[in-house]
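Let me begin by presenting the structure, written as structure tokens, before commenting on it.
The chains carry the letters A, B, C and D, assigned in the order they are written, with residues numbered from 1 in each.
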Amino acid sequence: MFRSYAQTPPKGWNSWDSFGASVTESEVLGNAEMMAKSLKDYGWEYVVVDIQWYEPRADSCAYHPFTELRQDNYSRLIPAENRFPSSRGGQGFKPLADAVHGMGLNFGIHIMRGIPRQAVHNNTKIWGTQKTARDIADENSICPWNTDMYGVDASKEGAQAYYDSLLALYADWGVDFLKVDDIADSKLYGTHTGEIELIRKAIDGCGRPMVLSLSPGPAPIEFGTFFQRHANMWRLTDDLWDNWNQLYDMFGRCGKWSAFVGSGTWPDCDMLPLGHIGTRTVADGSEARMTRFTKDEQRSLMTLWSIFRSPLMFGGDLRKLDDWTRSLLTDPYLIDAHQNGRDAREVYRKDDLVIWVSESDARKYVACFNLSDDPARLPESVEGWLRTIGGDLHEVWENRTVSIADVETAFIAPHGVVLYVSK
Amino acid sequence: MFRSYAQTPPKGWNSWDSFGASVTESEVLGNAEMMAKSLKDYGWEYVVVDIQWYEPRADSCAYHPFTELRQDNYSRLIPAENRFPSSRGGQGFKPLADAVHGMGLNFGIHIMRGIPRQAVHNNTKIWGTQKTARDIADENSICPWNTDMYGVDASKEGAQAYYDSLLALYADWGVDFLKVDDIADSKLYGTHTGEIELIRKAIDGCGRPMVLSLSPGPAPIEFGTFFQRHANMWRLTDDLWDNWNQLYDMFGRCGKWSAFVGSGTWPDCDMLPLGHIGTRTVADGSEARMTRFTKDEQRSLMTLWSIFRSPLMFGGDLRKLDDWTRSLLTDPYLIDAHQNGRDAREVYRKDDLVIWVSESDARKYVACFNLSDDPARLPESVEGWLRTIGGDLHEVWENRTVSIADVETAFIAPHGVVLYVSK
Amino acid sequence: MFRSYAQTPPKGWNSWDSFGASVTESEVLGNAEMMAKSLKDYGWEYVVVDIQWYEPRADSCAYHPFTELRQDNYSRLIPAENRFPSSRGGQGFKPLADAVHGMGLNFGIHIMRGIPRQAVHNNTKIWGTQKTARDIADENSICPWNTDMYGVDASKEGAQAYYDSLLALYADWGVDFLKVDDIADSKLYGTHTGEIELIRKAIDGCGRPMVLSLSPGPAPIEFGTFFQRHANMWRLTDDLWDNWNQLYDMFGRCGKWSAFVGSGTWPDCDMLPLGHIGTRTVADGSEARMTRFTKDEQRSLMTLWSIFRSPLMFGGDLRKLDDWTRSLLTDPYLIDAHQNGRDAREVYRKDDLVIWVSESDARKYVACFNLSDDPARLPESVEGWLRTIGGDLHEVWENRTVSIADVETAFIAPHGVVLYVSK
Amino acid sequence: MFRSYAQTPPKGWNSWDSFGASVTESEVLGNAEMMAKSLKDYGWEYVVVDIQWYEPRADSCAYHPFTELRQDNYSRLIPAENRFPSSRGGQGFKPLADAVHGMGLNFGIHIMRGIPRQAVHNNTKIWGTQKTARDIADENSICPWNTDMYGVDASKEGAQAYYDSLLALYADWGVDFLKVDDIADSKLYGTHTGEIELIRKAIDGCGRPMVLSLSPGPAPIEFGTFFQRHANMWRLTDDLWDNWNQLYDMFGRCGKWSAFVGSGTWPDCDMLPLGHIGTRTVADGSEARMTRFTKDEQRSLMTLWSIFRSPLMFGGDLRKLDDWTRSLLTDPYLIDAHQNGRDAREVYRKDDLVIWVSESDARKYVACFNLSDDPARLPESVEGWLRTIGGDLHEVWENRTVSIADVETAFIAPHGVVLYVSK
């Protein structure tokens, strides 16, 4: 309804959870190859290079305040050649995007809203206008956690031209997915609606469909319809890591945002910190590791993300993908709920028991989550929902057929989930 | 999806805009008769007695603080016999509801959440439990603008029994529509989720379908999905009267709430202060009058309410319904958009020009509103939306056929609207 | 400067910490006798009966919602005769006040702001006016934690007359100290300035000096000068109990409020939960006990209260006063700082070390507190302050003479204090 | 009490109200000369160069975003030689300060908190440390209305060294008064306590007494004692201009802040926009003009500032000082109240009538202000305060003797004041 692309929630891989600000071309290609080989048939398609690809010295998830960035003659950041060798000679991300496209996949990048501070202080040019970087920078607009950019003042002449010039470059590179950061909730200033409008217009005018993803969250729900109108996905939280408290918290957020899920507009629960993560990122104080989520927690996460229809951006290193994790990403029931579900919503929440329902053309879904730290029986009211499914039920995670009578005596593991579907 | 009733937005009449807290039985019957005769064929069906029907001395929209109320032996308020003679002998609203039903219409009442303070201080009984009024009253829960009730503490034993006893009585009377006040936004405490849950459960258990309407607004949007789950309609604002500033403001509210409009769940723009209003209500400082809205404003109001799919509760005295006002309530295009529309949403807002689009199985709708005080041309971007309608367009309010080229030179009146539909 | 009484910070005893809402006449008299015998010579003078003396059923610190209260014919609460036998025959607190006065002490009571709800619902009379209880009650004014009263609307005719009638009664009884509750920070509505003004005027007109104490806190500092103008003391916190976190927190509050300490106006750190407390009060979940504060914490508390010049209202049962506790209440240095200090203020705070200074005509004071959980050396900057004292120093709590050089190697106990004074 | 200097509220001249960001050396000298000649005998002593003296292109009160600033080799801003010719050859403000000192006056400058952004992006040195500008800049600290500086992170090594190096330079120049901006209320971040502490320490260590003035307001009253401890004056509002609404508003602010007025610590009502102002500043949208305040308003302003004991910094061009304005600055009664008053405070405020009282060793003061737009009688309660003065009264502004009986029939002009003093 809102756009002709991203009609179902996007699925892909993002470099942040494993490599922070420091991913290299070979790592991107290695992950893309694994996606093409192992996940593409299940609908996984986007390969996204996250923040700081323009910084030569980036070496972890930490930023280097006020450091020099790679930039072209028109105030546009370009890949650091030492990290992305194929970008040499002014080719930007085009060679890498071509390679990804060659695998039958799509290519995405992350940008910070705004214009480089170094461009403003050096007062460099903007392509397609007589205005310069200093003319369009917003005098009161920084990112509180990264010193690379100044915001752009949408009311100034040259502001749209600047974003148009960015999108022209990205379209030329072959970018299919654009994650813009410091914009959905900027911490210091709230939501930057002006720059979101500039970017929307620049994408619509660039001649290439490009999924627009807005970060970080929590995006304010008062702007829910604004996000629907301008973006394909927007974040519900700040960065998610592999700890239970954050996952617990996501249930409340999904419960509130379900009304905004729809064709082309996807509230975003953030990346999946599953499999092997943290190779060079320590954003939450941890190190290289297999996800700290228990298997029950992983099932709960995947069930919630899928039934809610969040975008799914895998954060682990696909080159190290194990069978268990792969099974989570390829389960046919979850895929059906995720790609074809409708009217998904929380219908019950009490005493840390949560029920979600959904349905596709193929079947109906009833998921019952136990958010407590102890095993728990299902709430009585689940029976009414199970009856809407009908006679025999299939429970997905145990992979067995059960009757409604069986459910009365069933337990849900701590932090776990049971997912009933019609047979 | 959320309930089996109120699948389309409810339409009816409510006594507040004309009679404040003081409506009488004969006035209700008079309005019901006019509805049956003149509007029923257009889908108008609910006849709702607003606040304070249990107060013998009520004479305007003003309340009498701490005054005595009519009550049965079980702490339940009953109609004041001097105002509702048919209720004599303990019959309550049953005779009046029967009369309304006899006209082929449905009957509704307004209640304040909670239990009468007089019941608490006198510690009277509650039907169906050993607990008394004093046992279930919330020690910290009043309405800041009306002294009739204390809130009920949902955590106390007897609380559900009390609401069950209320709904049993209302079901027995034949109530089809229940407007609960001081609950969606209580000013002093926010949204009373606990009492909403009690009421939902009591309705579901009372054996009679009953539309649940929650007041007053602004209902907080963070509770949007909570309202969807528990109610059929909930208010977006405090009381709406016939002044432009409030109507202007509604555009922003509808823009934010469009994602929550759906089958059985209706964000509510409040009653229509149209036709002859204010007979015995001075809530906004005015007197008996024809609505102060200009015709252009009335067209804008009806177009917005209809395309957004707000419930439509007429506030004027139907016994004085004039042809112009009646035409607003019976327009076939508005009725189609209102009853059959889908995906309605604001797609443009800038410089006080607002565009909404919707579509039904029968046709597509593009409404362009001019919220400024001067005539205005349509924004350029309207053309893209008109092209989605296709070749020839019908403009509803001028009732003529136009081409897209005509639109370029068209003007919208101040506070006015043009509504294009496919032919 | 602000009033001719309470020129130094008041000192006395209050029944709450030991007896909650349920103190009896004999307990009051017993404590008064002990005060007269043991503390009067050290400036202790007020004996204050705290909340709910008008409720016959009171038996702990818990309230009985909506219960009946003892009241005269003019909507004024009077003592429950079962608890205060001397009040029989309409004598009110006069006999008890006489007895206290007879011991050379002063008598105080606690009231809730407002007018009894039972008076409003029964619409009883007000002395000295044709207006009734219902006429002056504020329609939107309750206490969120006690159901006895409605607030009085200062804009209504009869409101001042009501408070005048209360003060006339209290003056007749011989009340010297009036603690008014639910007024300095009402939780639900902020500070009730209107009723504070009514009470100030009523006291000024009643013909008897009466210390005015406002509760609970935290009183908002934006109203600091308002409190100075209208009251003698006002609370900086909600109820203080014998746990370290609350005491820790008081340092920040005193630091902010020191500018408001002055002749007749005393920011109030709340009662001293020292000695034997909790006989019939469980407000913080505990039972009858000796204070849970360690001796170091008690020294810190007494030093802070004294140097800051908070009112000192002892909360323990004086009939069980032990020597240690008594020594805290009679220390000559603390008494001098408390009664004669000037320009007291925090001059240092870092890493949980806090320095306060003060001076009287007799001597200078430097107190250094260690709020951490480990022993700590004094901060370097203390030396500058000690040098303002001069050569030899007396340390109060260790009771010995030290040199500035000694201080360099001194430690302060966890939660403890050293207090240096000039010899 | 708090410092050995600024024992009475400072008085002087500041360049902002007349010259904005663009004052020149000759203008400063011209104003200093007039002060020496005409006001010095009345206690006026500080000559303060306001913001942007390091910017060569400054030409009004507007800032030039991201423009180049004059800076020494150690990241310290220095005067623009084109505007301050005597600063040539690296002499800084020393020659100008010498000239001002030569007239028997004191010299002051304005600075923005923080370190120049150009120093950070160029990563220049800091005097006295190996750390560089980039090392100490706070990654999230800008001024929302001026792009010159980044904040300094007090937790970083080198931060104190940087401020020490600034103060060493200013002490060397001979600065007597330091106005630091973007620090008392930074709009974006609240009060910058960390940098205030750095500056306090740097002043205390620089070997020269220097009055510390913190801007802009409104300084939060919760930090009142913090300001007392660290500064000599701090602003109660954002910039004050010559319009009644701002002056009206100041009465409420003074009423709240009176408890913080004391020896060495002065809540600051901002500069006096009197006489001829606006030569090259258009901060409030106006032009060169005589103050727009009426004479009554000017009397009210001078009476409030004097009795409250605000610092007095004249904003008009002293070279154009007229007799009327001069009379306001030299009135002996105001000077006495301002320099010698004590216990000044608002004692009454109702219906736009406000009474302040104060007293010096010499006499008592009762000022009654009429903030309404109509002439008004004095409130009854003024009599009690007049009686504290005693028999015969002198009214300052009408310059005549009156009796208390006369006062009963007196009127105060709209926006005007009567000021009674003991004879």
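One rule holds for everything that comes next: a residue touches a chain if its C-beta (ideal position, glycine included) is under 8 Å from a C-beta of that chain, and two chains touch if they have at least 3 such contacts.
Just so it is clear, the structure is predicted and the values come from calculations on it, not from any experiment.
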Where subunit A and subunit B overlap in contact partners, by chain label: none
Count of contact steps on the shortest path from subunit B to subunit D: 2
Copy pair subunit C, subunit D: interface residue numbering same or different (half cut): same
Subunit A and subunit D, separation of their C-alpha mean positions in angstrom: 51
Whole-Å gap between the CA centroids of subunit A and subunit C: 56
Where subunit C and subunit D are represented by their mean Cα positions, the distance between them in whole Å: 39
Contacts with two or more other chains, residues of subunit A listed in rising order: none
Subunit A residues within the subunit D interface of the complex: 65-66, 117-118, 120-121, 123, 134, 137, 139-140, 142, 144-147, 188
Contact set on subunit B toward subunit A in their complex: 1, 221-222, 224-225, 228-229, 255-260, 262, 343, 345-347
